[in-house]
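First comes the structure, then the notes that go with it.
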Amino acid sequence: MNEALILVGIVLVGTSGLPGAFLSRQSAVGERVAAVLMVVGSTCGIAGAGAVALAARLTDFSLPWAVPGGELAVRIDGIAAMFLLQIFLIAPLGSIYGLRYWKQSEHPDNGRKLRLFFGVLTAALALLVIAHNSLLFLLGWETMALAAFVLITTEDTDEEVHAAGFVYIVATRVGTLCLFAMFALLHVAAGSWTFAAPSAMAPSLANTIFVLAVVGFGLKAGMMPMHVWLPGAHANAPSHVSALMSGVLIKSGIYGLVRVCSFFEHPPLWWGVTLLVLGIVSGVLGVAFAIGQHDMKRLLAYHSVENIGIITIGIAIAVIGRSLEQPELVVLGITGALLHVWNHGLFKALLFLSAGAVLHATGTREIDQLGGLAKKMPWTALAFVIGAVAICGLPPLNGFVSELLVYLALFRSMLLASPGAWIAGAFGAPALALIGGLALACFAKVFSTVFLGSARSDRVDHAHEAGALMIAPMAILAACCAFIGLVPSAIAPILDHAARIWAPETSHGVPLGSLAPLSLLSVTGFALVTLLALGGVLIARLTGPSRVRRSVTWDCGYAAPSSHMQYTASSFADSLVRLFSWALRPEQRSPSLASPFPRTASFSSHVPDTFLDRAILPTLRGIGRGFVWFRWAQRGNVHVYLLYILATLLLTLLVRR
Amino acid sequence: MPLFTIDTVIHVLVVVMLPPLLLGVITKTKALVAGRVGAPFFQPYYDLFKLLRKGTVYSTTTGWVFRASPVVGIATAFLASFLVPLGHHAAPLSFAGDLILFAYLFGLARFFTVCAALDTGSAFEGMGAAREATFSSLAEPALFLGLLVLVKRSASLSLGTMLGSGLSAEWLGAGASLVLVLVSLFIVLLAENCRIPFDDPNTHLELTMIHEVMVLDHSGPAFGMILYGAAMKLFVLGAIIVRLALPFDTANPWIDWGVFVGGMIALSVVIGMVESAMARLRLNQVPSLLVAACLLSGFSIILLAR
Amino acid sequence: MSDAVDALLVTVLLLNFFVLGTSRLRAVINATALQGILLGVLAVLAHHEFSVRPILIALGAASIKGFVIPWLLLRAMRDVAIRREVEPFIGYIPSLFAGAVATGLAIVFAATLPLADEHVGSLLVPASLATVLTGFIVLTTRRKAITQVAGYLILENGIFIMGLTLVEAIPFLVEVGVLLDLLVGIFIMGIMIYQINREFASLDTAQLTHLRE
Amino acid sequence: MAVALVLVPLLFALAALAIPSNRLRPWLVPVGGSVHLVLVLWALTQPHVSGLGGWLVVDSVARLVLALTSVLFFLCSIYARGYLALYPDRSNRIFCACMFAFIAMLTLIAEAQHLGLMWVAIETTTLASAPMLYFQRSPRSLEATWKYLLIGSVGIALALLGSLFLAYSELRGGLQPSLLLGDLIADAPRLSKPWLRSAFVILFVGYGTKMGLAPMHTWKPDAYGEAPGLVGTLLAGGLTNCAFLAILRFYKICSASGDPRFAQELMIVVGLFSMAVAGVFMARQKDFKRMLAYSSVEHMGILVLGVGIGGAGVFGSMLHMLNNGLAKGVLFLSAANIHRAYASKTTDEVRGALHRLPVSAALLLAGFFAITGSPPFGLFLSEFTILSAAISGAHYAIAGVFLLLLVVIFTGMGATVLTVVQGKPSPNASATTLRDDFSSVMPGIVLIGLVLMLGVYIPGPVNALVRDAALALEAGR
């Protein structure tokens, strides 16, 4: 029953854009049909996955599949259900949002294509999550990757979009090929293409599988330094696509990593340590790069890297827990990671959607062009600030709950005698704190620069509040953020179930409720809300209309402050960027003062992606140049070509023995 | 859950009443060291009452975020106080991981303070906001490292237990590492509360300040709330340090309360002495000091692991 | 009998050297024609018993290789009005030297292959390989398209010699097919040569390097 | 029946020569194509098809090659009708006749059990395709044709030498020389090893030239670059596979002789080298038709690599032959449409094709993903099968190099393809007014549909075709 619901949901979602593809470019029917199909299909999917998640039962079936090694083996367990719920929540919201954001009448060229592949992407994501067979998984995996490529390059006439699409598709291919090798090795180890814990295998084989999984899945998830495709792709895709990609798509990498790690009951300690290092690097550098950005969506993209880092830290602790046979660590780590997957999906989608609303209203992603939008777009501003508070992991919203679980896992690992474990905690916890502090700085920067203060350019003047179709999805996401933040115990059974699936050995004894103060978090959360409300009433009383005067901002006596004197996002970030300049390598162009009467001058700063722009692209260009050097071998001279044949003949005859 | 006991009532009363006094003690200490008589101990209370009766000027640029930030500051500090044991007396709320909530509550307040500063559209306040965000993101790891030492030492994940009755025994066993943590946490306290050598709360030279310049545009009751919230933050952070430094448990609850209040006043005196003895650091040296605090705690962890 | 075969094979080898050493196109074509005729004779001699089939094949080979194709080539030469090979990529003396090395290689290589009893001591295999290699040398060192075709022809001749060891293995139909293919191939090449000359005003295939990386 | 499969297209060729009207003649091509397809499908349903006293047998490998070739030819024939209609004042008599002669010879290659007959057929394909290559009558196509003819002829000549060596190995083994496949396989263990090995090497180089394995591939970029798209399809999807079939026949003899190791090693080395060469030359390749030629080199490399690895790799290789042939059709036909519409085939002048020719460009893009082995396209399954065969055979280094080369190739090819299809349409976009129409895009759509189908669902009969072919190659080892 549940699996039928989910499969129906996948089919409906996957074909949602199909009717519209056959309608005329001008017709608005297609987009409505797509949205309806998306919502109906997702409702089915949520019903099915929700039932599985709550009932803590897994459901599976398999059909023959006429490809070599293939079997339509499907299994929906607690982990899959968690990912399914997320997919089926965010995708339809994006689709509804798209009704206004990417109207067919405003984008006759690419609207149909966009919706078609939006549905395909969603269906592929759901498919790979429920796949219980390597080939089926890879099918879903790459369909997802290709659909995402089409979506990223929706506006392919833009050179930047084209470049981002290329980097994305190459990165994703490298990852996919790693997965090819990994699944082939798993096949060798387990003797079957069905997902199963392989029996005893040589350590070197297991280690290779692990490394390939980390690279292959890490590339998709965007772990630093494998994140290179992510900022460009997320920045250049339409915003509801960015929301889906950042909220859901990159999590497929996490899903894969979680799934593969679950196969190994006694992983070596260094696996966990490697993951931890990757997580810390992704988290800290991800947020550091984010601080340097002045493109709103690029900034959000780097925060995805950061949050993937946090999730990876959680997984790392769980893996460490498994190798040290510490069920508490396992449960806290994996539930923290999985909950953060959910949470990041919610608040990052929320942030991308509100950023999209800003982009839609002003036509620019440049933070330093904006300002004071809170007055024109109050609901969008509210949505953004909720997302910002949540992503910084601040109470009383959802980000705090999952970070708390990861912290608890790290702290608990501190208590262990094994040096590996407590060193992990000793580095992990402060790193997480640093990430939190930097994220806070970054979101204070972007929220304030975009929504607060006064307008920095005339783009803001024409801005308008987003329509109800755009606000409603944001409101739902914000409500989810608040719900998880305030009533985390409600989802504890789902998390427990997932943890048991991931590590069956923890199935007796350590429910999450006994490890983490979930109900007390509700108490403190509601207390905080109440205190804030009381304080709000108090300040409203104390500053009643009769006692308030309006004036210009006090600028130390300067009488005519203008919006151009505001602190910009770049200057706000400058000191932090400088602190991390060893990794960020910011580019600055400052004017030189040549004469006593300086002319008009300008200053600009830019933080390119160090890994992409300073390492990978130059390397690729170098390799390309090297390849071009070989062109001498084929200069059109037929004599030389015949000589090649002769040489091959003689050479092979020579070695024929 | 000892939420509604006589201790809780006293806890709330102390948290509400005491914070401004600390500011008064610090000011008085500095005045005495400088050879002046100085303002009375209760001057901060007078100031607060004066501000509450005043009218308010709001900049036309600002919006609801600007108005909300003082509320957030007080609410979070007040809630955080419930997680901290005051001297011997246990915290009303105590659970595994409460130290994380403790730290992140201040994060929430900081987020709104910084946003409120930027909401004014003033370059000065933006500057302060940038500095605040920068330095506190470095103070955060130092705080966590310090707390980690306590976690490791007490094998507990809640502030109540790690600062509980076992603490005095631990001093005998792991005194050196606790001293290091104490120093580290003291540095964090100074940084988080924008005291010298990080910031000078007394000057009004906008270009050199951090916290003060951020609240430049607040006035009247709202400004009063900000001052009060800041004092409360100093109080709760100070409470941890005082408990750590004076882990005495007597049988008599009133003596315990006395020890705690005395400790808090002593802490204020120490802060006053530091402020008198030191000059404000150049801004670009502030990160070094914070990293030093991290290193102290880190070294202390190594000592524990030995 | 085998003395006669060997003598003819030596002549074939000498013709190889002649082709490598001469610059006149007509001489090259004539030498290949002569090779073709010699092959026809060889085909008759190589058979141990006389029957109709080998004679037919010998006649066919001799007429196609010895007369039709040279005639086609000579006509093409006349059409495009050239007489001499320009300086090849490597000079004539080095060409001869390469030919000598190739012949030596062929003999050494053939010695590594165990022969069937009836061919022990025969020059058939080494001569075949040497001729194939000579064809390759002409193909890779000569600039004119016509010379290259002649080189291809020599290469084919070498293979034909190899075929002489295996008359029973190759049915008549296939033999005819091979010859017909050769003929049509040369015919099409002739057309191409004409077109190349018309388009590029030259038959120097070293100039044909517009398609390149 | 087996004879009819060859004779019918030859009759059509004669008819094409006889029909006087330049306008009506192209209509003959799809008719002939469908007749051939029907005949082949009918032959596939028969358990045993043979002719000429056992010289022609449609065995299991032949069935696979025939099915692929005939489907491709059928779709190309539809495309050809529209294509030739674009050049009403150029005589298409020879072109049409050559097309039929070409398919007749491809059929003959597949069926031939006598290696000499097979040789004749392959040589004839060279001759039949040369006039088709030269259809555009441009100096560039002349140069390409010349190189194709010369290199191809030399390669084929070597193959003949190799066949003779093979026959000699029988003689030396004390057997009656025969070039019948059945005899050779039956007597394989008694063949003289030095001659057999030399024969395989020479044959491999000879037919490898025809197949386009590096470093004998040099004619490919020139020929594919200048040939009309449908000729490129027939060469890349038809002829190369037939040459591969020839190599397989000899490989089968080698493996039947109990000495396949040497042949396998040679195939692995040459396969990887071909992929490497393709990867190197695809990087920064501005000419997208030349790029397709290198892609063909790459996939020929993969085919021999799969056979060289052995085991499941042979199955993968057979499946890959099918997939590659179909996907190459998509690529060549859509690239030809873009080439014609822009009157250029370099990325300097061709950009934004998605906006100029939406269907063709989408086909090129989809074909690119298909040919690089992305799921859900069929090449994914075949490449993955070869990879996992390498890994389960513990050829880890080979698997690693294989994957690395796939990345290099993907990157190089992707840069070119994406530049062509995406971006703002370049000024050349208005060079002509050609649009996508039914006959120019329908074959591509059908082909990509087939490739897609082979990736998500391999119908039973197709699976049986591929499995039987693989089994036939593996049997007797």
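Order of writing sets the labels: A, B, C and D. Residues in every chain begin at 1.
Everything below uses one rule, namely that contacts are C-beta pairs under 8 Å (C-beta built on N, C-alpha and C of every residue); 3 or more make two chains touch, one makes a residue touch a chain.
From a predicted model like this one, the values you see are computed outputs, not experimental measurements.
Student: Give the chains in contact with both subunit B and subunit C, ordered by label.
Tutor: A
Student: Which chain's centre, taken as the mean of its Cα atoms, is farthest from the centre of subunit C?
Tutor: For subunit C, the chain whose C-alpha mean is farthest off is B.
Student: Indicate, using Cα centroids, the chain positioned nearest the centre of all protein chains shown.
Tutor: Of all chains shown, the one whose C-alpha centroid lies nearest the global centroid is A.
Student: More contacting C-beta pairs: A-D or A-B?
Tutor: A-B
Student: If you average the CA atoms of subunit A and of subunit B, how many Å lie between those two points?
Tutor: Here subunit A and subunit B have centroids separated by 35 Å.
Student: On a C-alpha centroid basis, what's the spacing between subunit A and subunit D, in Å?
Tutor: Distance between chain centres: 43 Å.
Student: Determine the centre-to-centre distance between subunit B and subunit D, using the mean Cα coordinates as centres, and give it in whole Å.
Tutor: Using C-alpha averages as centres, the distance is 77 Å.
Student: Centre to centre, by mean C-alpha position, how many angstrom separate subunit C and subunit D?
Tutor: Averaging C-alpha atoms per chain gives centres 30 Å apart.
Student: Return the residues of subunit B touching two or more other chains; collapse runs of consecutive numbers into ranges.
Tutor: Residue numbers touching two or more other chains: none in subunit B.
Student: Mark out which residues of subunit A touch at least two other chains, giving numbers and ranges.
Tutor: Residues 631, 634, 636, 638, 642, 653 of subunit A each touch two or more of the other chains.
Student: Can you pull out the residues of subunit C that are in contact with at least two other chains?
Tutor: Expected reply: 136, 139, 205, 208, 210-211, 213.
Student: Write out all the pairs of touching chains, ordered by chain label.
Tutor: The set of touching chain pairs is A-B, A-C, A-D, C-D.
Student: Touching residues of subunit A toward subunit C in the complex: what are they?
Tutor: Contact set of subunit A toward subunit C: 631, 633-640, 642-643, 646, 653.
Student: In their shared complex, at which residues does subunit D touch subunit C?
Tutor: Per the touch definition, subunit D meets subunit C at residues 114, 116-117, 119-120, 123-124, 126-127, 130-131, 134, 139-140, 142-147, 149-150, 153-154, 157, 160-161, 164-165, 167-168, 170-172, 176-179, 192, 194-195, 198, 221-222, 225-226, 281.
Student: Where on subunit A is subunit D touching in the complex?
Tutor: So the residues of subunit A touching subunit D come out as 65-70, 109, 135, 138-139, 141-143, 145-146, 153, 156-157, 159, 162, 165-166, 169-170, 173-174, 176-178, 180-181, 183-185, 187-188, 620, 623-624, 627-628, 630-631, 634, 636, 638, 641-642, 644-645, 647-649, 652-653, 656-657.
Student: State the interface residues of subunit C toward subunit D in the complex, per the touch definition above.
Tutor: 112-116, 132, 136, 139, 145, 148, 152, 155-156, 158-159, 162-163, 165-166, 168-171, 173-174, 177-178, 181, 184-185, 188-189, 192, 195-196, 199-200, 205, 208, 210-211, 213
Student: Under the touch definition given earlier, write down the residues of subunit C that touch subunit A in their complex.
Tutor: Result: residues 89, 109, 133, 136, 139-141, 143, 205-206, 208-213 of subunit C touch subunit A.
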